[in-house]
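You will see two complexes here that share chain A, one where it goes with chain B and one where it goes with chain C.
Let's turn to the complex of A and B:
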């Protein structure tokens, strides 16, 4: 199965080291091929360096392409992580 | 001729504290200085093996470093090193390096360096400073790998003499992480940002760190005495005797404060009539843990596991991170009991995790505490696994948040039993006989505590929530804030009921809410029959002090009288009249 979805980057600092690391970690147990497309550049989301290279900023959209048997599950994990802003903005009590 | 004047240099503070010491200049490494040569076709596999070995050794270094950091309680630093491991094992870079070695017949270190240089070129193109700061991390990882390929290149933070103030153009996160606090007193650099990983790690380790100082200027003072003032972001070279005396005074003051606390904390908590009261600590961060022994905690009465998520979101789904944190709690408690409350999420804590699908209109009456965990059992299972493993190291108890119905206890216990079975089948070493307790923070739980008592081993009263749910008062709402009152007659009755039922069923009962350290409420709690308290570490000596001034006989008489009164004002006045004089200095 192949799924394509545009996801908005909502956390303040964009896809910097911690979110990139979190994405790679989330993807580790999954099997699908996962690509991110940002400003005409497509990269393998399992590579932290490639994700960092995108330097994707807040409030921009990235296109996530997931292909494989667990595509649906993989995409849902990613969506949740983006939605939660990688746990960044909500930590103050 | 040696200059003996006192020199003040103003920089920027990245980590607080005062350090006195002698400069130690970290050797400068020339990044581009890598040998380049061709290799024979037959040696290609060998060359690739060298690369893989270097990655393997680097990973081992980083994991060892993480183990130390976990022991030190720098979970922030552990996460940073995690990103280094991922950079190290980046699948694209590793395959590029291996491919290029095969194609170009060049030696590993030159191929590796050229690929990294290309990445760095693209990084520096980026104008966003946040992304450029990651440059330092990439360099750090690269240097580590090169250090294993060319052994003479390795820098070593291990052989730094005692009382050193580290001076360097810039310091890498992993060097900061590896700095031994007994030897490295302070760090001074020319370049560094407050959000740099090196700064975060220095803070976590409590090493004073000042940046913005021109290092070349310091070279001539290499044998001089230096003060790093991490409070003011200042550097003082050749301090005059008076300056030194002033700083020694500050250090002495910091130490006296610690000592006074330590002394007081050793006194035990016995009432005038000799009843021993247990005062334990609520723990929500690594810093709290470090204070445990200093403040004389009788164990950990409440580990607020959800608070560890503040430092690291990966904590939620990582058995490894959780295990090491719980193990650390247990080790710090040194044989004393440790009550681990499983994630209490929802309400005002991490709403984003709970309202993922639908925002709740009334989160405090929504998917909170145990309800959230039973709906997200994968989270619960990982946490149970980590606790069961850690529990072999000490006296561990599990506490369930926001119980309102016995079925929740039964379901949670069933999941726990299944996890145990799974782990036994996997032959993982676990502790099987862990007591399970219920938080008493919902009126329905209090009113059915006799039913709950049959299914659990102990109770812990969470007074803040119990007041909120009993009096139907949102304490964050300023319009009704003054109605949030633990002195309300309903609270006294609930506590009385819980004390009675837990005696009948022979269950331990403790109080872990804010009232446990409200001076005037303590005699009331004692009088009602509460002998187990849990409060933030810094309040432990206060609670003990108050306990030592009370008599159990007298307080129980007071509690009886208080129970006859009809308003919270009357109860408060009654207690204030009686005890306001007994410990006036606490107000």
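Let's turn to the complex of A and C:
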């Protein structure tokens, strides 16, 4: 199964080292192929260096492509992480 | 989209450029990697005029315009300067005719000036633009240079690409990029790989984290760009898979329409990946030099077989004669 979804980055600092590490950690037990597309660049989301290279900032959209048997589950995990601002910005608001 | 501003920022020094007017048009997109000297178009012949090209005014164009009367000059210039013109350049630091400046200003076409000679400017611009417009892609893999051979190590996550690269660096080879390789076609015939500026010289090693190789091992072990000469895919050893044992058949993989030699390297405990990668690189060099170990051995083998056959035949014939 192949799923494509645009996800917004909500946390203040954007995709810096910690969120990138979290994404890679979340994806570790999953099987699907996960790609991020940002500014015409498509990368493998399982590679932390690639995710870092995007240097994606807050309030921008990342196109997430998930392909594989557990695509739906993988995408839901990712969505949740993005939604929770990767556990950051808790003192905001 | 590649704009005139991008081009200017990148090559201002290199092409000795200055902006004369039409700053409003710096956002204009360069859509074709071509430049044009207007030449004939200034005589009013506009059929097949390539309006999307950057126009370069050299000595001939400037002097031809000077010879025209003001009205014709304006008319001819308006004929070639359209909404599609990305930019106009004047070479040899010539002072552009007033009409050219005013039209560029009105229409918002960037007017640039270079101190280079026209021919040099045309050649350099064509080269730089075709570089910029060359097909490119991003590959998942680690690019290293071993014995002068640009080798891209690919494989699934956590198969040990970075560790293999680190091993090579430790033995004096060079890292170009870890994990992400930007590949570009050069001169339409070979590939060149580089790393994104942000993660340059950085590697991620499981259990250690992000390390800066240039700082750890020194400037000698890194490189910014390198031709991509071969691809090695690391994979976990699979007993059901039959791995290449002879090396007679050469495999290739296709990247951006260019065939690159391709090797699959199965891993299992006890196999020294670094040594194996070095051997692949060396063997590649040897092949480039015209020595193909597997093929040469096969030729020798075939020779030996043929000799034995003929010897056997002559022996049999001799024994037949004896019987008779």
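Keep this in mind: the second predicted complex is superposed on the first by the 90 of 93 C-alpha atoms of A that agree within 3 Å, B and C clash if a C-alpha of one lies under 4 Å from a C-alpha of the other, contacts with A are read in each partner's own complex, and residues count from 1 in each chain.
In this section, a contact is a pair of C-beta atoms (placed from the backbone, for glycine too) under 8 Å apart; a residue touches a chain by one contact, two chains touch by 3 or more.
Quick caveat, the model's predicted, so the values are computed rather than measured.
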Exercise for the section: Please tell me, clash or fit, for chain B and chain C sharing chain A in the overlay. Expected result: clash
Exercise for the section: Determine, under the contact definition given at the top, whether A:75 touches first (chain B), second (chain C), both, or neither. Expected result: neither
Practice task
Mind working out whether A:84 is in touch with chain B, chain C, both or neither, as first, second, both or neither?
Solution key: first
Handout entry: Which of chain B and chain C A:9 touches, first, second, both or neither
Key = neither
Exercise for the section: Mind working out whether A:66 is in touch with chain B, chain C, both or neither, as first, second, both or neither? Expected result: neither
Exercise for the section: Check whether A:49 is in contact with chain B, with chain C, with both or with neither, and answer first, second, both or neither. Expected result: both
Completion exercise
Counting residues of chain A touched by each of chain B and chain C, the higher count belongs to B
Exercise for the section: Considering only the touch criterion stated at the top, classify A:41 as touching first (chain B), second (chain C), both, or neither. Expected result: second
Practice task
Considering only the touch criterion stated at the top, classify A:17 as touching first (chain B), second (chain C), both, or neither.
Solution key: both
Problem - Clash-bearing segment of chain B relative to chain C, given 7-15, 97-105 or 259-267 - result: 97-105
Completion exercise
Residue overlap on chain A between the chain B interface and the chain C interface 17, 44, 46-50, 52-53, 55
Completion exercise
Given the complex, residues on chain B that touch chain A span 79-80, 82-83, 86-87, 90-93, 119, 122-123, 126, 128, 130-131, 134, 137-138, 197, 309-310, 313-314, 348-353, 356
Problem - Contact set on chain A toward chain B in their complex - result: 13-14, 16-18, 20-22, 24-25, 44, 46-50, 52-53, 55, 57, 80, 83-87, 90-91, 93
Fill in the blank from the handout: As the complex stands, chain A meets chain C at residues 17, 41-44, 46-50, 52-53, 55
Completion exercise
As the complex stands, chain C meets chain A at residues 138, 140, 157, 178-180, 196, 198-199, 202-204, 210
